[in-house]
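Mind looking over this structure? Questions follow.
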Amino acid sequence: MKQLQESRGAVVEFSGVCKSFGDVEVLGNFTLSVGAGEFLTLLGPSGSGKTTALNMLAGFLNPSAGEISIAGVPVTATPIEKRNIGMVFQSYSLFPHMNVEQNVGFPLKMRGADSQVTQERVAAALDLVGLGGFLERMPNQLSGGQRQRVAFARAIVFEPKVLLMDEPLGALDLKLRERMQLEIKHYQQQIGCTVIYVTHDQGEALTLSDRIAIMDQGQIVQIGHPQQIYDHPKSRFAAEFIGETNLLTLTNPLEKSAGGWVIDGLDTIYPRPPESGRRHALLSVRPEKIVRLPEHAALGNGHVSFDATVTEVVFFGDVHRYTIKCNGQQDLVFKEFRSGNTPVLRSGQTLRLSFLTDDAALLPETIVSKDKAL
Amino acid sequence: ADPIRVAGYGGVTWDLITKNFLTPLGERTGLEVKLETDPSVAKLKAMVASGRCDFDVIELSGSEFLIATRDGLLQEIDYSVADPDNVMPDFAKQKTGFLFVTFSEILVYRADHFPNGGPQNMADLWNVEAFPGPRTLHDTPVANLEFALLADGVAKENIYNVLGTDEGVDRAFAKLDEIKPHVVKFWSAGAEPIQLIAEGEAYMGVAWNGRIKVMQDEGVDAVMVWQDSNTDSSYYGIPVGCDNKNAAETYLSAWANPEWVANWANDIPYPGFVAGLMENLDPQVAANMPTNPDNAAKSFLTDWAFWGQNRENLEERWIEWLLE
Amino acid sequence: MSRILLSIYFAFVALYLLTPLLIVIPISFVDSRFLQFPPESLSLRWYRNYFEDSDFLDATILSFIIGVPASLIATTLGTLAALGLTRTRFFGKGIVYALMISPIVVPAIIVALALFLLFAQLDLIGSNFGLILAHSILAMPFSVLIVSATLEHFDTTLERAARIHGAGPIRTFWYVTFPAIRPAVFASAIFSFFISFDELIVALFVMSGQQTLPVRIWQDLRFEIDPTVAAVASILIALTTIGIGLGTLLQTRATQRLKQK
Amino acid sequence: MCTSPGHPDIKSVCIVERSSVLGERQNFLKGNLRIRGHALLAFVKRLTADQSFVLLVPAVVLLLIFFAYPLIQLMKMSVFDPNFTTAHFEKFFSRPVYPRVLFNTVKLTAIVTLLCFIIGYPAAYFLATVRSRIRPFLIFLILLPLWVSILVRSYSWMAVLGREGLINSLLIALGVTTEPIPMLYTTGAVYVAMVQIMLPIMILTSYSVMVEIDNGLIKAARVLGASPFRAFLFVYFPLSLSGARNGSIIIFILSMGFFITPALVGGRKDLMIGNLIVFQIEELLNWGFASAIGLILLVSTVLIVLMLRFILDAATPGAPKRRSKEPV
Amino acid sequence: MKQLQESRGAVVEFSGVCKSFGDVEVLGNFTLSVGAGEFLTLLGPSGSGKTTALNMLAGFLNPSAGEISIAGVPVTATPIEKRNIGMVFQSYSLFPHMNVEQNVGFPLKMRGADSQVTQERVAAALDLVGLGGFLERMPNQLSGGQRQRVAFARAIVFEPKVLLMDEPLGALDLKLRERMQLEIKHYQQQIGCTVIYVTHDQGEALTLSDRIAIMDQGQIVQIGHPQQIYDHPKSRFAAEFIGETNLLTLTNPLEKSAGGWVIDGLDTIYPRPPESGRRHALLSVRPEKIVRLPEHAALGNGHVSFDATVTEVVFFGDVHRYTIKCNGQQDLVFKEFRSGNTPVLRSGQTLRLSFLTDDAALLPETIVSKDKAL
């Protein structure tokens, strides 16, 4: 276990992989390398090719071009079953003619484990997912979430070195999901296996992953540690895809004296020297970074502050999400925890807000397009 | 009037019956006849049991006629209508059945396999040393037991006496044991032995005489041997419950016309016993008739009285024998 | 690799299944009165015979007149029954199931006799309708068995989806269930047709006056069998081949046209 | 409806309607009865809501009138001839021929079924996995032989298997043998002919189930460590078995009653029980005994089929034994 | 439309509905009434019977007991297709042999709409879900999320009065999910239909719903407006199931002078008079209600404050989630937005925290059991 953790060589490697279905290119020049014991999450919009990438790694699809290797060995010629990969399918794919016990025991049986061992390991795996008493049930007698958990148990029961999970918790409620996340993480650390995880739940991605790869239209647009991606998105797509964000258009005043970029519609300055040669830039400010300015507070240097009017209040459980208008123009969003300590704002109320210069990220894109549709 | 319906075996015989009997009969009497297929006794019995009349005349084999009579399925025939000229011999005029054709199960062999002369009687058929080659026999004890006894040297007048005793039956089966391994096929449908002989599956065997002629015409070098042949007859009966009896008997009367029967027998060698038939036939054709006195002298008639008594038992034994 | 072996295997199986055709078609052209193979000289006389002999022609037509409706009835009722059997649980289902498949368990000769006695009472002897009914009954178990095998795997939530979106049970069946079980229904329709098309014994009993094709052939078999039967088979094979070929051609044309649009 | 005295619950519904006219005095009674009325209503609704069993009605009615009724009438003869008798059954078992022929029939049938399964299943698998464009053509090929009457097909086997037939001519020409090998009129010939007749049934019934199998399951099995063969064995095969099973059952049942083909191409020992029944019905007019044989054949077929189902079900471990079927 | 919104009579009503599969009772005495135009969400753990309830309303299952009515009419005898309900299935259930256009057009076809109208409406519905160009695709050529969207389009294309959705957004990424949530809400308000929604995403439930029904083991344990449920959970189950919470055990000191309940392990008092006759109680405090106490801050009355040591810091995108220990005993959790304004705490750091008395909820349960396993 230890060894694996230490020798962080690439266990899974995609190099320049392309995949087309007929005329449609689904993956284009997909390159990714995942280290031993690493937990990597593929995050991307629906249809961006996440499942396709996993399917190629598992061997269900052949790349149209490029190469995939596992533990340094190209696997194009390796039969699916020799790849020793655990996999949880998006659509569960439980064997309808086997009960839960037989489903989970299947990979062990295929590996010739004796029945004693099989029984114990199946029981352990099912306990792990909280389905200890369901041995005899048939898949069609299980709820969606129960099926997903059985599928997970089946994928890990033989302790594979590489575990692929395609939205393994998609059908679970938050509580169970959180518990399963813990179990997955725990399991992964214990076994030291490499996990490639597909999810559309950012919270999940952010907590579980060692690295996140953000996919768009069959390509990885950014890859890195969760915090890095969250705080330093490299593109508008990445900024918008992970977490919520406000996009502000910056204009270069072209005069040194201004002291930085002009924030359009906010009547204020973003105090960073504009890059010469760029007329416009885009600034991403996360809603939680925007805070109310205590009245008459003395503002330090690294701050941007502005006036705003509340236009909408949405209740989100632990937070209130406020939509605000600045100068009657741009809509921005900021969030506050709901607590007796911070009185709720009303629609129409005006107030002064601020964010830290360092809390905002400058993006390469130039103009925020008006329609925000995906 | 409605046409009367005659249930017969059909096939080629239909066309010949129409040509040789129905057309002149229609001209003479205005009788309309419709031919129907599959004259099964089972159907006859079911029909009578349910009080219907689906055909007015039915063609029955010897055994069927016997059993239909036993079960009272047939009406008595008025021979003043069926044989107005009284040209039929008495044994052809059964109370409930009109004997209309006669045919033989006869020894046949492929001459091309026996350049030095083929088998000439049943004993030769049994003689696998002198006459090697695959054989074919009919899949029934009827006639086969008789053949076996003939081969075993029993005189044809004595066959049924011998068969009447258990020892005689044992003797017949014992004789059959001898050629059992050499019988390539026990046939059940009449077209089978012809196909077997023509295709060379069997070099010799027994078949119905009517089809052998056709085979010869097609160039197959087959020879018929009348010695030890078995002659059997078909009967026409009128089912109980059919009220078209008079018309039915009129139809039967056609078979009592020597001239018409002669035309028919010219086409297919299944003659009846109508008086004057042989005189109306080309002698060469007559030579191949079962009822030709020369041939009749060499053959024996099936004793349906005997078989009526013993059929079920002997059939069971026959199957047992086949399975051994 | 194993795919190639499998295709070779399939080719052998197909060859085996087609062997009778490879024999029957040449036989139909012989110039002999026997089923002679290989033919020594060729002629079309048996085809002529077929078209001139109204018996044979009528028998063929009658076989279709009986077979097509019988197949339709058997497939329709059988499919419905299969649906009913796989979708409900009730007391005595086992008995109903046994009843459904019993027509092929009971020897045909017994069915034939039983039906004769019944048809005699109902005055159905010799009527096409009677034989259609009889053949439907003989073919129905096929539909029940074949269709219910596929239904066991069918995802019923699809039917639910159809129902909730406004399709009644019938339209649900037609638009959702049926497409899924179509291969099975098709198979059972084909088999039902051929069950009827090849059925001899019941036809012998309950028909009178008319003959179906097997009855006609059976007649021949009693005394003489000539190559007309081979000609019949060859004509039927040729007709289906042409029919299916034409159908496929039209279909591909139609889809091509659709695509161009 | 309100005059119907029959069903107590129906009456209660009527009373509920009337009692509302009768007024307050019976209010307590009314409440009570309304509940019972509701129960009935609910019952009726539930019955009609579960429409699926209605689907069985046409087939069942047809079978009852045109099959079960006449059959029972006929079968009665096996025990009432015309008075109650067990003579027919005694006869069947007292003569060794009949049980022997029955045994022969079962044996032959079982082998034919097994051969069909062994030969047909891989062919069906090929059909289900072949590119879907050529599939219709292959199915068409498989169905083509059905146009040739079974009677005629038997003759064509003569041309293939006979002494001077295709195979023997070939063998002699190749010098493999000098004397023709007897093939026609043997039990082997019966298998060749019967399997040829039954095989399309096996292939198509198996195929129709196979094409419905979710390919994702095979993928799942593969990635979980099953070689193609074992993925097939443990996942595909059990899932496809219901088709092959039904094909086998059909073939078994059909073959049990078959007799014409064995009689035409078989040897003297290839006697089927169907022959005996026909003989009793057609030749001896002994319908009582024929019915008795038929009944025995029926019972043995049903027993064997049940056994076959049981074995095949047991062979598929964890097959859903108890499904909850809900109305749709 | 207006009318429906106004006459808020119960459109859907379950009264005392029970459902068992064999011996297992899945729903027990399930009673619920949903008003016209209302958006009601069923929220509950996996296997709690949510799908089963929907299935009975749709008519796929018959109740073992009880009655379900739609618009005041008992529907036991109403055929499924006459119920005029739109439904999105958990497993999509697209018709595999129909393309997207045919799938979506199906309900209209069943209602005999002419082809012109059908075409327009299908196009509109597909545009709504962002799949305008996918008309010709077959379901097996779509990604999971695309399938789900097609299923949604199919359910709404005929503008049903009642719309059932079983985790309709389960397979979507957050962005798309948010857009779809908006569309759903928008659509519902426009059409005024009644929606019964099943989700395991609380955020979704809280934002979309007019009311939320929390289910546990086949029963509704609490029903109410989202905020009410969040702020005033009636039971430990409800408190724990929606959002995250800290459970504190309270002990009745049995002396008036104490000034309230004693909070076990926190060395402080919860200033509410204990109910006489109760020895213990449970207090639910949401993590976001706990705030750092500004140094030397003057505390008003309605506050509870305590000392704590940080033991774990988890990055959650917009928030930091801190696990803290008080007196070396109980683990508590509190959350803070990540922002330059609030410096990140380190593991081991000690600090003083507080929450408002009114921000905590007193639960009827007595003792917090030690194992928190679900």
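As written, the chain order gives the labels A, B, C, D and E, with residue 1 at the start of each chain.
One rule holds for everything that comes next: a contact is a pair of C-beta atoms (placed from the backbone, for glycine too) under 8 Å apart; a residue touches a chain by one contact, two chains touch by 3 or more.
Just so you know, these numbers come straight off a predicted model, no measurement behind them.
In summary, the chains found to touch both chain A and chain B are D. Of all chains displayed, D has the C-alpha centre closest to the centre of the whole protein C-alpha set. Averaging C-alpha coordinates per chain and comparing to chain D, the farthest chain turns out to be A.
Chain C and chain D, compared by their mean Cα positions, are separated by 16 Å. Computed centre separation for the pair chain D/chain E is 52 angstrom, with centres defined by C-alpha atoms.
Here the CA centre of chain A is 22 Å from the CA centre of chain E. Centre-to-centre, using mean CA coordinates, chain A is 55 Å away from chain D.
Those residues of chain E in touch with two or more other chains are numbered 21, 59-60, 79-80, 91. Those residues of chain C in touch with two or more other chains are numbered 35, 113, 117, 153, 160, 163, 169, 172, 180, 221, 225.
Shared interface positions of chain D, defined as residues touching 2 or more other chains, are 50, 155, 158-159, 228, 239, 281-282, 287, 324, 326-328. Here chain C touches chain D in the complex through residues 2, 6-7, 9-10, 13-14, 16-21, 23-24, 27, 35, 37, 77-78, 80-81, 83-90, 96, 98-111, 113-115, 117-118, 133-134, 136-137, 140-142, 144-146, 148-150, 152-154, 156, 159-160, 163, 169, 172, 180-181, 183-184, 187, 190-191, 194, 197-198, 200-201, 213-214, 217-218, 221, 225, 229-230, 232-233, 236-237, 240-241, 244, 248, going by the rule given at the top.
By the touch rule above, chain A contacts chain D in their complex via residues 58-60, 79-81, 83-87, 89, 91, 93-99, 102, 106-107, 109-111, 138, 140-141, 154-155, 158. The residues of chain B lying in touch with chain D in their complex are 40-42, 45, 63-64, 67, 71, 134, 139, 180, 183-186, 188-189, 192, 195, 199-201, 311-312, 315-316, 319-320, 322-323. Within the complex formed with chain A, the residues of chain D that make contact are 214, 216-217, 219-228, 230-231, 234-235, 238-239, 316-320, 323-324. Of all residues in chain D, those touching chain B in their complex are 95-97, 100-101, 104, 155, 158-159, 162-164, 182, 184-185, 263-264, 267-269, 271, 276, 279, 281-287.
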